[in-house]
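Common to both upcoming complexes is chain A, partnered first by chain B, then by chain C.
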Partner chain A sequence: MNKRRTTWEWPVILVVGAFFIVPMLAMTRFAMQRVPMSLLGRDTLFSRWTIRGLMNTISDDKFQPAFLLSVRLGIVTVLVVLALLLPTVLWLHLRAVQWKMAAEVVSLLAYVVPPIALVVGVSGAYRDTVPWIVSTNFGLVPLYAILCLPFAYRTLDAGFAALDLHTLVNASRSLGASWQQTFRKVLIPNLRTAILTTSFLAFAVVMGEFAISSLLLKRTLPTYMVEAQGREPQGAMGVALLLLVLTTVLFMVLGRIQKKSPTSSSQEIRITP
Partner chain B sequence: MSQLEFAHVTKKYGDLEALSAFTLSIQKGELISILGPSGCGKTTALRVAAGFEKFDAGRLIMNGHNIEPVPPQKRNMGMVFQSYSLFPHLTVAENIGFGLSIRKMEKKKRVSVVSDMLDLVRLVDVGHRYPHQLSGGQQQRVALARALAIEPTVLLLDEPLSALDAKVRVEVREEIRSLQKRTGTTTLFVTHDQDEALTISDRVCVMSNGVIQQVGTPQEVYDNPSTDFVATFIGETNSVTIAGNEVLVRPEHTRVVSDAEPDSYRGIVQNFSFAGPLKTVVVRMSVDESLVRATMTNTVGTEWTMGQEVGIVFDHILRPTT
Partner chain C sequence: MGPTRRRQKIVSELDFLLMVSPSQEENVTGGPAGSRASATSGRWSPSLILPILPYFTFVGLFLLVPTVVLFTKAFRPVTGSTTSAMVEAMNASNRSSFVFSLKLSLYSAILGAIIGFLFALAASRIERPRRLRNLVTGFSGVAANLGGIPLAFAFIASLGAQGLFTRILYHNGIDLYGAGFKIYDFWGIVVVYLYFQIPLMLLVMLPAIDGLRPTWREAAINIGASPFQYWRRVGLPILTPSLLGGTLLLFANAFSAYATAYALSSGGSRLVPVQIRFYLQGNTITGKGNLGYALAAWMVLILLFVMTGYLLLRRRAERWRTT
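The block that comes next holds the complex of A and B.
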């Protein structure tokens, strides 16, 4: 039984691995080799490798502001999503289980409403009452938070569901901890993995979101990259590749953190209080 | 003055009355068990005491003060739960020290108290471990140490042994009683297991459908049950008709004798089982066809066969049924 499973495992891993790695290798060659695309073949595998295109794009005056804006938007969106969802999901689990189904449906709205409808609707509704949503860069944050809802809600929901929440909360409160202390000292540490996963995913969404920022005429990293593609296609591809590598590294770090969780048997033993 | 007093506490969930004018007074240093079947309201009573449930009527008094408006974190009640409630991200020592750090106890003193508590529950060597590295029995002992570390006014135990296997359950049960006596902590213990309640309690409060049936020492509730529910819920009973009256008799007060013995009721042996020093004989009474169980010490020379005609003697009538 075990042997058969092992026999099947490797081809599956190879096919799935190839599905991800082959396009990345193709991207790498396109971005880093100064060879016309029609000549990119086996013969030119080692010819004219360079990072000039990537460096040209990175050193462009407009790149850094766009990149920093996306990073800032990513960080603020993560904070907004966590501030919104952590208490909400806690409340749904502890006090309002009957509302969970409704919350799940609402969290899916981002998939149902297309970005253009979201932008047009938000612009129309808030242009006069809350003009900063349309006029400032950080007006993108509420829209990005909506985009992050489907998976952010589910990740946190799964994190809360994995805990014996009622018992932990009651134990903490019976030992004298207030709600805030319970949240900070008991729940947040036990939701660390769910919070990190939510944060990384939300950040990745913001770093890659194009439609809304383009429609609202904001120069974020994705809109800049589309612009730059016309001028320096190799550089834009290089930046895309770099982002992919960064995201992969982030998720590897996340994996390491998960392994270090106290519930893992490989955890080192810590000290007394 | 009692340390904790429920005075006519009523708690409703919709139309269901989980506690009906619940009145119970717990003296300082006493261990009281609330015993009853599932859904009888015993855990609700405990949660009301802890402050996790609001109640609809009555008063809850601790050391002479009404504590109804006091939130759970300010009641100073240590609680041990049915499921393992240790914080998974903290070591055993950190778990025990949790309540102390919340109280802002200085580190040196905290470490000393934690060390004393580990000593008290005989887990000195596992202070650095995480909860998942402990057995179920060890986890509940740590939970007990954590609850005792804050020197609670009242210790609340919510079926803390029910997740443990039989052998460990007996060990931890004895440990709870021993620690409670040593520390003199007033304790409210909720269980559905009569053995647990009878062996470790100063007094037992038997509940059914949100109503207290009887409060008394284990001996009192066993020997003199005040209701049929108490008589049948605690220990075993035979329901038999004697002189036209239906009565309850304990199997250990029922004797199977040879057919010839005078003043005995007639019956036929239906079944018997052997359990070392004790044996149980099931006899069908001739008078009303009811089945009667007799538990007797296993003496040499008293052997019964299926279908044998025998006499039955009732040494002590527990109570007439109502």
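The block that comes next holds the complex of A and C.
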């Protein structure tokens, strides 16, 4: 019944698709082929491909600290965001329902204050009173947590909303479990998808964040890339490519997880009252 | 896999990857669950508030206080002047960078919205390889979150003066750089931003397009409408709030972006965020630090305005999607 002729659809898909693919190809070539652009032709297309530029940069003694710093910041930010939001959203769903609206509006404020304004405000407010926020590497964590707040809040909120929370908590508590046990053994397993989604997104955001770390003069992976671009363009391009691949893999794994359990929570535990 | 199921999947995907939650309303009004007992004991009772206090404190300390400080500093005058920095921030040179930023955001939002909408429409109408749709949405989820430094690098490699695509065009008789195109100029940045704007629009529009019920179309055709008339009179009017809302979202997205333009231009762009950096780094010398605060404060005001419009439009767009 749905026998539509497709006329303009394929051209649109193909043109837009090309727009998305060409920059990736160009980037790969730039990162891995040692043939000047002016000499690139049909016969040199496959010659002199190498990952030496990338390897040079990776073995650069400034790369590893930058990379490790970004990874550490990512992990710590994920932990802070989860530690902050899990109990809060749980309580908002369980008891403090009147505060849900306020909590959500507050989480959305981060969209109104762009990263550049956030870092300017934070350094204006705390540079003299609480200097570690501006001066130490891990002072970035609170700012990154704020950046992640809007999507983290919504993801976890949706995760809790899909649970039959009262039944779960009451069942667990009446069986003699402490709050801690309830949290660890009942809630967290049921919220796996939401927690993983939040963690992956937050990690990806931190790995790519530039505005804040560059303004506070921190040597994270993105600021390193910009700095290395002038010195070793090919290597910097290779690192950028690596970051892209990492992000893409992260998102693909995420898609898998979400697909596997479309509404994992509501299906697995149907304890009908 | 009914259409509603599929829609739900996409909506949730969107939800996770971006900020758009179609189920916001029901959450916000507060479900019936849990409102017993606690509702009577008052919203300010300590036992109720205590567990959520850390969250509000954290946001207060790291988001609200900085924003308030930002505005108080922004309203103070610049050294050696009596007018507020907010006013001075709209003087000649700064105004021109606002105009540049706004125009850039507007163009990239409108172009991104149009192309993204067509892209979404095409993806939703093609049925043959079933996986195409999944591929497109999955990819969009990644691309909409890209941006930053790697994106700038990718475009330098393809559309820079020595870029792959620039070269291909050159060999086919089109001299981009001869015609005055530069990757770090206005149109260059617009093209680069489209890389994340188009997928974002797709993610906003796909659920809305899926929400167009086949029965509406059939009803229109039955009473003699042509496909064109159906779109003119039914399809587009229903999609209009989503389209406008999506455009505003794209605008805000472009307006607050910083890293990509910075890396494209090696820090020399006229964009407002780059100007802010300039004032703040030189503030001890020039005494114009407050100007940086004022520019940032103006950004917040503009984004507040745009995002409010977006939320209102989204509420309106959902009118057709309920039941």
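Here, the second predicted complex is superposed on the first by the 218 of 273 C-alpha atoms of A that agree within 3 Å, B and C clash if a C-alpha of one lies under 4 Å from a C-alpha of the other, contacts with A are read in each partner's own complex, and residues count from 1 in each chain.
The rule we apply is simple: a contact is a pair of C-beta atoms (placed from the backbone, for glycine too) under 8 Å apart; a residue touches a chain by one contact, two chains touch by 3 or more.
Quick caveat: nothing in here was measured; it's all calculated off a predicted structure.
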Is A:Ser70 contacted by the first partner chain B, the second partner chain C, both or neither?
neither
Which partner reaches more residues of chain A, chain B or chain C?
C
Looking at the overlay, does A:Thr57 come into contact with chain B only (first), chain C only (second), both, or neither?
neither
Return first, second, both or neither, reflecting whether A:His93 touches chain B, chain C, both chains, or no partner chain.
second
Considering only touches as defined above, state whether A:Thr220 meets chain B (first), chain C (second), both or neither.
neither
So, does A:Val112 touch the first partner chain B, the second partner chain C, both, or neither?
second
Between chain B and chain C, whom does A:Leu25 touch in the aligned arrangement: first, second, both, or neither?
second
On chain A, the footprints of chain B and chain C overlap at residues 262
With touch defined as at the start, can you tell me which chain B residues reach chain A in the complex?
50-52, 71-79, 81, 83-91, 93-94, 96-103, 107, 110-111, 114, 127-130, 132-133, 143, 146-147, 150, 156
Contact residues on chain A for chain C in the complex?
2, 4, 6, 8-10, 12-13, 16, 19-20, 22-27, 29-31, 37, 40, 84-85, 87-88, 91-104, 106-118, 120-126, 142-143, 145-146, 149-151, 154-155, 157-158, 161, 165-166, 197, 201, 204-205, 208-211, 214-215, 222, 225-226, 229, 236-237, 240-241, 243-244, 247-248, 251-252, 254-255, 258, 262
Along chain C, where are the residues that touch chain A in the complex?
8-9, 12-13, 15-19, 21, 23-24, 27-31, 33-35, 38-39, 43, 48-49, 51-52, 54-56, 58-59, 61-67, 69-70, 73, 115, 118-119, 121-123, 125-128, 132, 136, 138-139, 141-143, 145-151, 153-155, 157-159, 162-165, 167, 194-195, 198, 252, 255-256, 258-259, 262-263, 273, 276-277, 280, 292-293, 296-297, 299-300, 303-304, 307
Going by the contact rule set out above, which residues of chain A touch chain B in the complex?
164, 167-168, 170-178, 181, 185-186, 189-190, 192, 261-263, 265, 267, 269-273
